[in-house]
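Input: one structure, supplied below.
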Amino acid sequence: MITLTLKGKLSIPLEADSVTPDNLHDKSNHQIKEQTVYWGNKKKTIGDFFEVEGERSDRITVVGDCAKVKLLGHKMSFGAVHVKGNTGYNTGSYMTGGAITIDGNTADYLGAMMEGGLIDLKGNAGHFVGGAYKGETAGMTGGEIIVRGNVGHETGSFMRRGLIAVGGNAGDFTGLFMLAGTIVVLGKAGERVGANMSRGSIILMNQARLLPSFLENGVVATPAVEIVLGRVRELGLAPAGGGRYVRHTGDVNAVGRGEILMRVVNRNHLQV
Amino acid sequence: MTAVKQDEGITVTEHVVCPFCATLCDDLVIHVQNNQVVKVRNGCNLARGVFENAHKEWATPRVNGKEVPYDSAVEEAARILAASNNPLIYGLAATDVDAQKKCIELADLIGANLDNASSV
Amino acid sequence: MVALQLGGAPAATLGEVKNRADLVIFWGSNPAESHPRHFTRYSGSAKGRMNPRGRKDRYIVLVDIRPTPSVKYADEFIQIKPGHDYEVLTAMRMLTNGNRPDMDSVGDVAIQTLERLVQRCKDARLGVLFFGQGITETRGKHQNSMAIYQFGKDMSRHSKFLTLPMRGHYNVVGSGNTMCWQTGYPFAVNFGRGYPQFNPGEFSVVDLLKRKEPDAALIVAAEPMDHLPYEAARHLENIPTIVLDPRETLTTKMADVVIPVKHAGVSVEGTAYRMDHIPIKMRSVLNSPWPKDDEPLSTIIARIKAIRKEEAET
Amino acid sequence: MGIRIVNGEVIDPAHGEDRVKRDVHIKDGKIVADAGQDATVIDATGCVVMAGGVDIHTHVAGPKVNFARLMRPEDHRYEHVSREDGYERSGTGGVAATTYTTGYRYCEMGYTTIVEPAVPPLGARHAHEELVDIPQVDKAIFTLLGNSEIIFQYLEKGETSKINEYISWIMDATKSYSVKIVNPGGANMWKYRADIHDIDQKLRDFDTTPRQIILAIADAMATLGLPHPLHLHCNNLGVPDSYKTAIATAEAMEGRPLHLTHLQFSSYGASGKRKFSSEAPRLARMVNDNKNITIDVGQVLFGKTTTITADGPFEYHLHKLTGSKWYNGDVECEDGCGVVPYDYKRKSFVNCIQWAAGLELFLLIDDPWRVYLTTDHPNGAPFITYPHLIRLLMDKDFRREQVEKISAEAAAEIPLKVLDREYTLYEIAIITRSGTARRLGLVNKGHLGVGGDADVAVYRASRNWEEMFAKPAWVIKDGQVVAKEGKVTRQVFGTTMYVHPARGFADIEKDLADFFESYYTVNINNYPVGLEYLPRPELIPCQVKA
């Protein structure tokens, strides 16, 4: 186990993409301290900002309020990063494997462009969870992201594969330009869910106002949903089971083969 | 190519471009007397505002509120930016391309954040 | 800008509008007050090759959440419910693509009204949709612009159609262009690692200031104390702030260092880019005792290089 | 202080020198007979010494290139030039790289001169503002005139002398080097969502045809004595049977000098099972038979790129085909442009035919002085792939390996599979510098004779041509060493070359004033680009025939 403890409070952000098992697993304690991080416009080392305990491990624990620490677990492909606190922008971006657990909150772009692995966030996330960076036409292509709190806008934008499960509420444009994959929102979802989605599934446990470009396609009780929700439970969230879902297909302005499944609470919602 | 007429101390400049909005009208006729714009032809209200008020409230070189020689203000600016660990350069939308280029060069040199009004 | 990055757009210079457009739509834009001569020079009464009679050869539609002074220049005003631009545009895209929304109205606009508008676009010799801050600063932000561009691309399958933003500051397009050719990105760039990184939100001015991350600021030809949200601008009061500006502003009054400069386009020549990306050389009509702003910037660059060299030697 | 390059083998096709062991002397930015005793000595043992590369067609600056940068942040995110690595200015790469990065990369390949070939007059100021920010190389622009409504109006009235006068005026007003025509009449028709498909098809608004446009402009250019002849992107580019239009266009010229650009994109037929075939052999024969014609290839190489062209209708077609991002930018009274990302795939039949057709043009055109190496950057591939392309031309075994990797269906059909020709170093020097410099009319470039510009590339000889051309041991610009071992060591700025043709063919002042007033949105008095936009101007004289 490698433990990095943040020495003080940061006001200027730190880009810490060197903090991955891929980079640190074969390094001595001294070498870890010498690894590069970027603090504002200065090139610094991990040892400048963190107390470092342990060495040569694929398990990294980061302790402290790292809300200004960006890019933790960036591009990691194996091992585990456990953050006992908050994290900053781009946590777990481009990760291909391994697991990141965050006890606190995080900023925007959690797991952006993710290809594989697991991210478990106990608190809230910002915008673009599992999303695509600006201009990219493919976002998350694999892996799983669990957020126990709330998420911001554009969750899973341009998603191609994988699972994003949100325990709390989601902002607007969940599943924007989604190409495939699955998004589950246990709380309330904001406006414009699935805008421009071509394929893929969005499962909503509460009512949401959909765009005109989604067509209602009957009420279904599908085993596929139960399989997804089973996995979500395994990952530690607790969606209700066994319900029926109104199936909406769209976005007809895109390819139109996506689906939004909204859990039926009572019949009245159909007039909403 | 600018037609400049001298008439009772008034200089008239034609084909003037208005530096207010991105419509960038380039047919203004500006009359100047004693380094003040006294008449704006072809311009809208906003253009008139820009030119007719242009001689008012000129900024002066200052450091911490005190007027200083120009070079001292520039020197202080360099000192502040050289010492900064995370500078921000913002603006650019209301000046010309040469100044914009210099802002980018400076941002590149000092590792700054650089943004313009596009993001606002 | 972000919307352009997401998918591009069908665009043209404003002379195309002057010469050919027979349908002009303003959406979330109030040109009568924000761009007063746009109408006469390019989009409304301007006479051109196919529009010899000017205004009479064009049908003009205004779409907004409330009537504005621009309404009187339009043939038709469509009022939509605040914050519903995206829904209305979604319905218009459906109609363009041959799908009728299963509802009578969207965003308080009757589907029939939208159907008529879409048909006008399809029948146009050249249709143009100008959009302004009313759409880019409401719920959905850049996704609203994206919806406009998507509508333009959908409509391009049926007719010649353009979607053009009404940009504000006179050279905001120049700043985007210059940054783009030198860094690859039009705004929100960070050079902290020695090369340009781009991420709106992470590196854009309002977010940076709200998070109190910069430890010094250089403001060039802008008025953040007036234009930015106060919760962002107030961080400038807590850090060393340098301002280059021809005139006293709220920002110069607050700044630690004020460097007066010539006023581009008033007291010095220089290039600016029009909203349709055409560069024009500005003229000078007044004298100013101060240098042009690139001069103090060059001096600052030289001084910082010298300071770095001294530091390296000691 | 001068430089003396010793012990190298000089390849200088302009003077017929092929691997000649001689010293090259440099002083005051020029090649000289004797650099003097105090000259710095560069020991080029094991190296070949050539003039700096001259790229005749590369989209590197101006409005549409900047739209390509703007529209694709994802193109910049994964490649950068960092100040940490010692560069004066940082930047980002990808296929549409930033200006500083573009200059550094060209220099690091041994290129010292580049031409941005497609600038609409209204975009000239923008293009020049970008050129100022491209270091390490000399530069020039070509102005787009093939859809100029002013020329169309004069054509309708048969006012040839006014066309001469206008082109002379616009060359000066845009500080341009020559004229480019893209899809003559096509961009104008695109303003109605239409295109033009035959060189004798009439335009909709104007009583003229592509044939008339091309001939009038070519004749005007000859009258003005512009140093580079008409640079033409044919109608119907990129579609099956485009080769027929290219041949018809070449025949229409009736012996007038013509440069057909990125001819590869016009070399397709409609035969074979897929109704898409390479007709490069026919076009090569046409070039071999017509000494008035030169071409650059516009080679396609596999990978992701961004297509950028003034051919608006072509880009819309590509956007519909691929569903990719699409930017369209029509330019009032003048032209248009489009930008669409594209991915050339080894498994795509069509892309493989395109790849093969370019190589076939290189290998089947006999005279290397009339075929030039380009990728129509970035349309066929980014320019950083030139060393790879050189290896494809010089190494037939390598080429055969590459053929084996492409779509088997395409591999079975392409004429390329039977071509064994290998380019020599001497021929490579012609198609990358000596030939292009000569065709551009740049008498001081592309050679190592006394009086030439001291732009020199020293390549360490290797059997792996790709490695050799990717990292020259030394690059010298204007007599200074600016790169070593493929890395920029000194930032310098080259000149911008332009022409100033004679005037006085006709009086068009009032015509222009009326036209601008009626149809332009920019004041004619604010339209011309002044010399202040060229901080290092280099006037190249026109050659008017007596």
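Side notes on the structure shown:
By written order: A, B, C and D. Residues from 1 in each chain.
We adopt the following convention: contacts are C-beta pairs under 8 Å (C-beta built on N, C-alpha and C of every residue); 3 or more make two chains touch, one makes a residue touch a chain.
As the structure is a prediction and not an experimental result, all values here were calculated from the model.
Any chain touching chain A that also touches chain D appears here: B, C.
Judged by contacting C-beta pairs, the busier of the interfaces A-C and B-C is B-C. Here C is the chain whose Cα centre lies closest to the centre of all protein Cα atoms. Inter-chain spacing, taken between the CA centroids of chain C and chain D, is 33 Å.
Mean C-alpha positions place chain B and chain C at a centre distance of 19 Å. Chain centres here are Cα means. That of chain B falls 38 Å from that of chain D. In chain D, the residues that reach two or more other chains under the touch definition are 71-73, 75, 77, 83-84, 89-90, 129, 133, 325, 522, 526.
For chain B, the set of residues touching two or more other chains reads 2, 15, 17, 26, 84-87, 97, 101, 105, 108-112.
Residues of chain A found to touch two or more other chains are 12-13, 40-41, 133-135. In terms of inter-chain touching, the protein chains here all touch one another pairwise.
Those residues of chain A that touch chain C in the complex are listed here as 11-13, 15, 38, 40-41, 68, 70, 89-90, 108-109, 127, 133-135, 172-173, 176, 191-192, 195-196, 211-213, 215, 252-253. Taken together, the chain B residues at the contact with chain A in this complex read 84-87, 110-112. By the touch criterion stated above, chain C contacts chain D in their complex at residues 1, 4-16, 18-20, 41-42, 46-49, 125-126, 153, 156-157, 159-160, 162, 176-178, 180-186, 191, 193-196, 198, 271, 273, 277-281. Listing the residues of chain D that touch chain B in their complex gives 83, 89-90, 129, 133, 522-523, 525-526. Contact residues on chain B toward chain C in their complex (touch as defined above): 2, 11, 13, 15-26, 30, 32, 35-37, 44-46, 50-51, 54-64, 70, 73-120.
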